[in-house]
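Quick one: structure below, then a few questions.
When the chains are written out, they are named A, B and C in that same order, and each has its own residue count from 1.
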């Protein structure tokens, strides 16, 4: 019986390298391709007819569109409009990655800290650049809470700087932790059910419950990842 | 004798008819023009009006602001978020301290200092998450929104 | 934990960027504009229809108001006509009544005068006859011829009592 951590293993499917750096096409990349293809199919095939009165699939695609659009509008305002394609791609990619991970024997690329941190870092750098482009050096005021006594700056500024820099980490760690813990739990309890066979009714009920919960978490974490991006974007554009 | 003559000698009954006539005309006019089909039509018109207003209201509502400000999450999700904030901040403190130590050649003092600062930042962030200022590590706004929320 | 195997990072991150970039281009160039267009078209259609319904409703309201105004006007005109007619009729009636009353009272006074004349004539006749009878009677009974004047006097003295 495979250990609960085996599902996270990266297995190269085609060895590749570029300038001495390993860029092998792995199972992680494969599932990213699956997610991207599914998202693309979902968003294009369902909208193929572009009907005025949407069918089931078109309705679902429109709900996704409006959901992200509203999230962006509510959290960033109209200035966030031009970032909509990015936010939408981010949300769909992460959510489909999380959900595809629920398929038994699949691979969850969002359970890997490298992937999450790379995404978070791109967001973090992008948001910081946007902030400095809009506000110049004034953006640095971000690191000192308004109305606090000047004397506290020496302690508050480092803390706020650390706070600011911890954004991509907490973004990445949260998604990683949720995906990893959930999948380990499913695996362990699933193994338990298989081990005690017919007597595993109770663990099976638990497994079912946790599976449902995990589906919820898969969607919720994609939402959290995206909404935090929106909030950071808001801070950069409006400076609180 | 004269009064009697007057009454008896009015075979035309002109005065009597003249008085009653306008009222009858009114009654006939009212009955004919307003009551019959018109009330039903008016009711359906009013219904249409209210429907139109309702649709307009619904659309307004849908397109208006409906921002859900973060309320504290619960249970495992909350624990996960708090630990993520703590770990992230300490990690960042560690990284900054380590980098500064290398640049300034002060090993290990800045590392120690920044781990503590990181813990402080992590605590602050965790506090913010737990209080439902939501994920905003970006201070002022979340605080102000929270105050506004309290002021309501 | 396989997640912390740094050797796998470069491959993961490389493919993440490639695939994410492709997906981003697909979304921003193809998928999202289509959805946006459909939503916009629907929004426009709905708004058009709502506007149309609103316009028709307003038109109906205006027509009703116009109709009601016309009705009220007609009613007022009719009432004015009726009032005028009834006043005219009443005036005519009053005139006729007055004429009748005048005619009747003239007839009455004529009749009264005729009766009075007849009465006077009759009374005169009676007195003449009485004095005649009295003279005849006196002559026949006592042979005395009474002067007509004297007899008249005597008769009128008795009648006059």
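To be clear about the criterion, a residue touches a chain if its C-beta (ideal position, glycine included) is under 8 Å from a C-beta of that chain, and two chains touch if they have at least 3 such contacts.
All values derive from a computational prediction rather than experimental measurement.
Which one chain sits nearest the middle, judging by mean Cα positions?
B
So which has more C-beta pairs touching, A-B or B-C?
Of the two interfaces, B-C and A-B, more C-beta pairs touch across A-B.
Take the average of all CA coordinates in subunit A, do the same for subunit C, and state the distance between these two points in whole angstrom.
Each chain reduced to its C-alpha mean, subunit A and subunit C end up 81 Å apart.
Measuring from the mean C-alpha position of subunit B to the mean C-alpha position of subunit C, what distance in angstrom results?
54
In whole angstrom, how far does the Cα centroid of subunit A sit from the Cα centroid of subunit B?
Centre separation, subunit A to subunit B: 30 Å.
Under the stated contact criterion, what part of subunit B meets subunit C in this complex?
So the residues of subunit B touching subunit C come out as 2, 5-6, 9-10, 12, 14-15, 18-19, 21-22, 25-26, 29, 33, 42, 45, 48-49, 52, 55-56.
Quick check: in the complex, which residue numbers of subunit C touch subunit A?
It comes out as residues 1-5, 7-17, 19-20, 22-24, 26-28, 30-32, 34-39, 41-42, 45.
Inside the complex, what are the residues of subunit A that reach subunit C?
5, 8-10, 12, 16, 18, 21-26, 28-29, 32-33, 35-36, 39-40, 43-44, 47, 50-52, 54, 58, 61-62, 65-66, 84-86, 88-89, 92-93, 109, 111-115, 118-119, 176, 180
Spell out the residues on subunit C that touch subunit B in their complex, using ranges where they run on.
Interface residues on the subunit C side: 50, 53-54, 57, 60-61, 64, 71, 75, 78-79, 82-83, 85-86, 89-90, 92-93, 97, 100-101, 104.
Under the definition above, what is the set of subunit A residues touching subunit B in their complex?
Counting only subunit A, the residues touching subunit B are 70, 74-75, 142, 145-146, 155, 158-167, 169-170, 173-174, 177-178, 181, 217, 220, 224, 227-228, 231-232, 234-235, 238, 240.
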